[in-house]
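Chains: A, B, C and D, in written order; residue numbering restarts at 1 for each.
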Amino acid sequence: MTELAYDARTTALLVIDPYNDFISEGGTLWKRVKEVAEANNCVPHMKEVLDAARQAGLPVSYALHRRYRPGDYESWQYIAPIQKAAWQHKSFEYGTWRGEIRTGFEPLPGDVVASEHWCSSGFANTDLDLLLKRHGIRRVILIGLLANTCVEATARFAAELGYDVTVVSDAVASFTQAEMHAAFDINLPKYASAIAATSEILDALGT
Amino acid sequence: MTELAYDARTTALLVIDPYNDFISEGGTLWKRVKEVAEANNCVPHMKEVLDAARQAGLPVSYALHRRYRPGDYESWQYIAPIQKAAWQHKSFEYGTWRGEIRTGFEPLPGDVVASEHWCSSGFANTDLDLLLKRHGIRRVILIGLLANTCVEATARFAAELGYDVTVVSDAVASFTQAEMHAAFDINLPKYASAIAATSEILDALGT
Amino acid sequence: MTELAYDARTTALLVIDPYNDFISEGGTLWKRVKEVAEANNCVPHMKEVLDAARQAGLPVSYALHRRYRPGDYESWQYIAPIQKAAWQHKSFEYGTWRGEIRTGFEPLPGDVVASEHWCSSGFANTDLDLLLKRHGIRRVILIGLLANTCVEATARFAAELGYDVTVVSDAVASFTQAEMHAAFDINLPKYASAIAATSEILDALGT
Amino acid sequence: MTELAYDARTTALLVIDPYNDFISEGGTLWKRVKEVAEANNCVPHMKEVLDAARQAGLPVSYALHRRYRPGDYESWQYIAPIQKAAWQHKSFEYGTWRGEIRTGFEPLPGDVVASEHWCSSGFANTDLDLLLKRHGIRRVILIGLLANTCVEATARFAAELGYDVTVVSDAVASFTQAEMHAAFDINLPKYASAIAATSEILDALGT
């Protein structure tokens, strides 16, 4: 791999779904994520990368899944299985602790917070591409969850839309190691120009 | 014009920006809209079409402009003039009466309320297309404001994306008659397959 | 799984990249695909599904990868690894046999042939969504290559855009069984509401 | 207006529909454009801006309308009036002189030639946004036809997608002065941050 280097004028950190439901003790989905997330120290790494990005002056952006609200899906004529599951589990339920962003990961004034996405890609049916463009962003560094759904989907869409993509492998988690393998060993190497560890990203950001 | 007819399974009413700021006495933008809006009885017509659509069982959808929040534009590197104006006037300011939907026009449970748009088209950078698709909608009937900006932009995008478009000419207003002329006589006839009066729409909806 | 049933008025077959390069003896990529493709009888199955769809009156649509032309990538400032590979291998080179559609799989008059895609999704930066909408299509049945890149990407985008997705598991191939596993066992079950064998599709199409 | 200045690393010229049909003596549409186009010397100005852009090292990009092919619209269930007209007139018919780019305006190797658009916007359902991003483009300078359809639509979409827009007023034409007025006096000032004459653009490009 060529040495990593990021220009704060054109690179944004993109934090994916840092909801309590996913990454806080007590979250419904945390129970399913915990084993993989603790194995690679995902949450502390996410925090380290976030802090480093802020210190280095990189714009910080958020891709957030639709927080469940009653009535969201009842009238849909077709629904993808992943959306049926979000409906069933009331994932990231709006107005509840589960739908709040974990303490320490909250957006600050000036951050880019895209409108919520309904499926997996932070770019699909949202204003993320517009807001990144308005800030001059051409490269994105991805952290968050889940490896093979929202993270991979966002990486795939980013590449399709013309962004350069880095994914931080130990600041990402999923339900199973098989999903991590599918994302990091099979698919992401085709769409991300760099897959790096937190330590490498901290080095590259000079923090 | 061929006789108008709409199938409630595939046609949605699309209400554009029914904010107090635009269509209620006391709104900042109402002052600028009032003369044109009163000339064609725009607001009562909007209400008649909305009620008729609900009675006829048409899905009702909303395209809503970004309600101004502090920090929205400060970090943008380029900004369109129409967005600079929205910034300056704090249009539809979030958390204020001006950013609330006028009484009688509020979404009901089951309506499609798209994420807010940043410029003029209700489709650009929002989930409107997705939500219409999930409800089987292929044709849209447009009412609301402003004729040559949000209404025309939404009509243009709808046509580009493959929807059949009707615009209700006397349930739309703008700042000037010159703008109404540009929208209804010059541009919309190219993108909308029907431009009809409220009375014709009420007939077509059988109410 | 609920029994499969498709309405020819709202369902299209979507054939992905049936180029000689991929699925004909002598193709550069065929060498890498052959073992997996022969194991599940992919190419004959693709042909059976295509013929059955035509016989059942389903609209047939094509998602085709950019056929390499000199100068395609030289001036790009960032490029995804999968695009760098397409550049290096001159995949589906325009004007050559490798960039032609395999005999027996050619589009017929009236088929939907989308503009070429640059990365993996048949929907990204193309007119596929528009053309499907203009034909009233709401559901797509996917066959073709490669399982975890173009097929999965197109399935993911289809779900994000609001389409119902079926993937025909033995009318899809890839370079390795690990890729097939990642696509069919890990990711596609989240985005496709049905994953079916050719025989099941033929039954559902009544042919 | 602030003084115009363009950075060749981030600004592209975007030439819209320079087909013989539109801008060459003998074109079907030229007959309808001629009076307006000759009044502002549109075609020579287009050529001056194109040459100046090339000399200044600006990337040159093309937004091209679908060249009519038999079978294009027969199976569409809904069609916008402007598309019905294109069908009727076989506008820019593929394989004919009318569908060729006027001599002197042809793309050169290295130019960005987007896939053809089906309605008016050069961005809708094409790869224009992707290709501009891959070249680092954030600002576009528009020339070509028609003022209130393809030029205005492309300007509106560019602003919606996050690009900074300049339109060259005397390198654009339309069928009527009323259309020119609607575009240049009513609508474009809301979406384009600059509307400038050819002479001003030549000055800004330093040629």
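Quick note on the criterion: a residue touches a chain if its C-beta (ideal position, glycine included) is under 8 Å from a C-beta of that chain, and two chains touch if they have at least 3 such contacts.
In this text, all values refer to a predicted model and were calculated from it rather than measured experimentally.
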Option reproducing the contacts of A-C, where over half of them reappear, out of A-B, B-D or C-D: B-D
Far-end chain from chain B, centres as C-alpha averages: C
Centre-to-centre distance between chain B and chain A (centres being mean Cα positions), rounded to whole Å: 33
Chain A-chain D separation of Cα centroids, rounded to whole Å: 38
Of all residues in chain A, the ones touching two or more other chains: 77-79, 118, 124-125, 129-130, 134, 136, 138, 160-163
Touching residues (chain side chain B, partner chain A) in the complex: 59, 71, 74-79, 109-110, 115-116, 118, 124-127, 129-130, 134-136
In the complex with chain D, residue positions of chain A that touch it: 129-134, 136, 138, 160-163
Chain C contact footprint on chain A (complex, rising order): 77-82, 118-121, 124-125, 138-139, 148-149, 152-153, 156-157, 159-165, 178-179, 181-182, 186-187, 189-193
